[in-house]
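Chains here go by letter, A, B, C, D, E, F, G, H, I and J, matching the order in which they are written, and residues are numbered from 1 within each.
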Amino acid sequence: MITAFVLIRARGNRVQALGEAIAELPQVAEVYSVTGPYDLVALVRLKDVEELDDVVTQGILSLEGVERTETLLAFRAYPRRLLDQGFALGQE
Amino acid sequence: MITAFVLIRARGNRVQALGEAIAELPQVAEVYSVTGPYDLVALVRLKDVEELDDVVTQGILSLEGVERTETLLAFRAYPRRLLDQGFALGQE
Amino acid sequence: MITAFVLIRARGNRVQALGEAIAELPQVAEVYSVTGPYDLVALVRLKDVEELDDVVTQGILSLEGVERTETLLAFRAYPRRLLDQGFALGQE
Amino acid sequence: MITAFVLIRARGNRVQALGEAIAELPQVAEVYSVTGPYDLVALVRLKDVEELDDVVTQGILSLEGVERTETLLAFRAYPRRLLDQGFALGQE
Amino acid sequence: MITAFVLIRARGNRVQALGEAIAELPQVAEVYSVTGPYDLVALVRLKDVEELDDVVTQGILSLEGVERTETLLAFRAYPRRLLDQGFALGQE
Amino acid sequence: MITAFVLIRARGNRVQALGEAIAELPQVAEVYSVTGPYDLVALVRLKDVEELDDVVTQGILSLEGVERTETLLAFRAYPRRLLDQGFALGQE
Amino acid sequence: MITAFVLIRARGNRVQALGEAIAELPQVAEVYSVTGPYDLVALVRLKDVEELDDVVTQGILSLEGVERTETLLAFRAYPRRLLDQGFALGQE
Amino acid sequence: MITAFVLIRARGNRVQALGEAIAELPQVAEVYSVTGPYDLVALVRLKDVEELDDVVTQGILSLEGVERTETLLAFRAYPRRLLDQGFALGQE
Amino acid sequence: MITAFVLIRARGNRVQALGEAIAELPQVAEVYSVTGPYDLVALVRLKDVEELDDVVTQGILSLEGVERTETLLAFRAYPRRLLDQGFALGQE
Amino acid sequence: MITAFVLIRARGNRVQALGEAIAELPQVAEVYSVTGPYDLVALVRLKDVEELDDVVTQGILSLEGVERTETLLAFRAYPRRLLDQGFALGQE
């Protein structure tokens, strides 16, 4: 599985309708209205990189009211190791 | 549960060490190296908004090599409704 | 109570009408025309984070003339401690 | 009273100390850690515009770890009129 | 007197008409076409901060062709002291 | 006389000293601390364009603590015509 | 041969059609949908710099839905030297 | 094969050394000095997305003098169809 | 003579027509299509600063398809001194 | 001959020394201090595109105090046609 975060800027009065429509995309695991310079963020799980074309180009970008998208594609996961021994952070 | 996406810009040679350290933060569900203008993205699950102080101010910002963070806090989730009936998108 | 600051960019000739309309939103405590890159700032008090959807997505973003909003959500307050003993600032 | 919102970008490991120090400034009514591109926001009440010099130039900017500030000065307040008659928004 | 500098971006073919119209605003002392990312700059003298609403919101922003304004409000003047003794600059 | 507006970004703890030093530059008519993304604005009157070199390159840029300057040079003034007949604005 | 990378921002619902059309430009060696702030990137091989006019001004910019392009023109190639002796990187 | 374009900003006096070092990375097919806001662009061919970690995080970001990188990952290629029949562009 | 560089952003399909029209402006010595974030650059020679109004406000900005201009006005020339003795650069 | 415009941002107190040094570069025809977001602009004439490496990478970027450069390379010139018949501008 490849994970990606699609940051979406939408026309003001289309945010809710877009959130609902994007939630129906099969590759979209979670989608939220968020604070900050973007209106929506979609957490996406992909079989392969090419599937981004279905989700973003064919899917999200084809929806009315989408102004800009920026896709952050994950290329390395950092799993948790110290499950129980509490947390030792390389603080300064 | 409140979800947030913490976008992190790091000093080049500290990305891996930071990815590993951030993965140990209890509120961090997933953390990745990503393409785009940020180096790392952390998917965070919070009991309440105040916990962001632990994760971001006390946690991530205290780590050596963190240059900038931007937190996108989710304030509305869009659940999937049409599980099986295939996908009807409000295309243009 | 959760506090948020909603920074609003509006079409030039809609600033006053928007200021008046936003003032009527129940969660809005104060709203002003301001100097700087934004036209209006609304100080918002929320019961919970989800209420942002009412104020921003359903409220402000649905108004004609709103071009952009950016929400700064407070996740930690810093109360005043040294009420009377004058002010000692950790100056350089 | 003149209201201003001072948006503050700080060095990562100085955010908490700065929040606490800024809270002690006499003109600062409220100060918070916030999500978004700034780290702290201070809500300031001034007798006159010149007082900004005390709060920002002499106060906040003199603190160690402050990287950037942007002051949004309010020049018109929009009071609420329709207290009880519910809310009629000039929606589109 | 409070001084402010209103930086104005205008639609290309409206710059001259706007310069002439803005010059008629009572609070505007001087207005120019300028080089740089803005098209016009107005030097404004105000009795009080609230007058910005007349000049900017009711005045400049209501004009056809104004795309963006940014107001820099002066909150401290630095008068000249060494009138005749030539100029001693704290150069490095 | 040629007019220019020099927008100055300064290191936080040098703003006041710079304001005072810049005020002593012979070509500087007025200089202020201002709200917005710049810390200081100098209103400059020049005999000719070349004098900008004295004011900016030799003067302001040589001062300790100046981070960035942007010069907006006026190339056309819009004088007021309708002195007494009140104000007719080409509103929309 | 001169190499250039043309970064293209397109209207959301025109990305695929533009990708296909740009692929037909004789100077275009490869063209892709990409993650990040641009929608498409074209790898271009030119006989001389003037050919950019055919590819960009006459070609890509004349297509419906192209919002912005940025051309990065290569002026020095760095060939690989250490083909077999493994890789020695001037790491810190 | 997955293609990516790594845009690199470098410290002025390190551009040449970096170009030479990056050319030795096994996944780097071509690397150039370019015009525009970046100093170098590397054309990268990957077996899978995870290899970006070797090229960018372990490779390029570990080099002295690299200030910023932005990776544009290709997720769809547009092959040329009309090889000989000249070029038909969907011009406006 | 005063020199200025006018950087011009144009609508995609108007670049060539604008290049040709701008070339006819009497004060324009040279005009080119260029790589980078601007589409055209005009090298302008002026009798005095006021002539910018003819070239930019009355000339370029009045042309259909001009989206943005930024004028860089030269205020000091650096003539070459070491004509024949080769080149001695204050390298680091 | 290929023309390029090299926009240069320099450390404040190095502008004059850099202007003088850059003027000595053989490919530099003219170099100026300019208004706007850059400090210096060099007008460069090149035999071929590769010469940019001498001028920018080996030349300008190696100088102490150069913070950023952006090169706008000309790829099409628009010669003046209507020498004497006055000026007919495709005004709106």
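Note that in this section a contact is a pair of C-beta atoms (placed from the backbone, for glycine too) under 8 Å apart; a residue touches a chain by one contact, two chains touch by 3 or more.
By chain, UniProt protein names: A, B, C, D, E, F, G, H, I, J = AsnC family transcriptional regulator.
Nothing here was measured: the structure is a model prediction, and the numbers come from that model.
Trainee: Within the chain touch network, how many edges lie on the shortest path between subunit H and subunit J?
Mentor: 1
Trainee: If contact pairs are compared by residue number, which of A-G, C-D or E-F agrees with H-J in over half of them?
Mentor: More than half of the contact pairs of H-J reappear in A-G.
Trainee: Rounded to the nearest 5 degrees, what angle rotates subunit E onto subunit H on CA?
Mentor: 180
Trainee: Centre to centre, by mean C-alpha position, how many angstrom separate subunit E and subunit G?
Mentor: 43
Trainee: At what distance in angstrom does the C-alpha mean of subunit D lie from that of subunit A?
Mentor: 32
Trainee: I need the residues of subunit E touching at least two other chains; which ones are they?
Mentor: Those would be 13, 33, 35-37, 52-53, 56-57, 62-63, 70-73, 75-76, 92.
Trainee: Go through the chains and record each pair that touches.
Mentor: Taking the chains two at a time, the touching pairs are A-B, A-C, A-D, A-G, A-H, B-C, B-D, B-G, B-H, C-D, C-E, C-F, D-E, D-F, E-F, E-I, E-J, F-I, F-J, G-H, G-I, G-J, H-I, H-J, I-J.
Trainee: Subunit B touches which residues of subunit A in the complex?
Mentor: For this pair, the touching residues of subunit A are 3, 5, 7, 17, 19-26, 28, 30-36, 38, 41, 43, 59, 62-64, 70-82, 87-92.
Trainee: Any idea which subunit J residues touch subunit E in the complex?
Mentor: Listed in rising order, the residues are 13, 35-37, 92.
Trainee: Across the complex, what residues on subunit I touch subunit F?
Mentor: 2, 49-53, 56-57, 73, 75-76
Trainee: Residues of subunit D touching subunit F in their complex?
Mentor: Contact set of subunit D toward subunit F: 4, 52-53, 56-58, 60-63, 66, 69-73.
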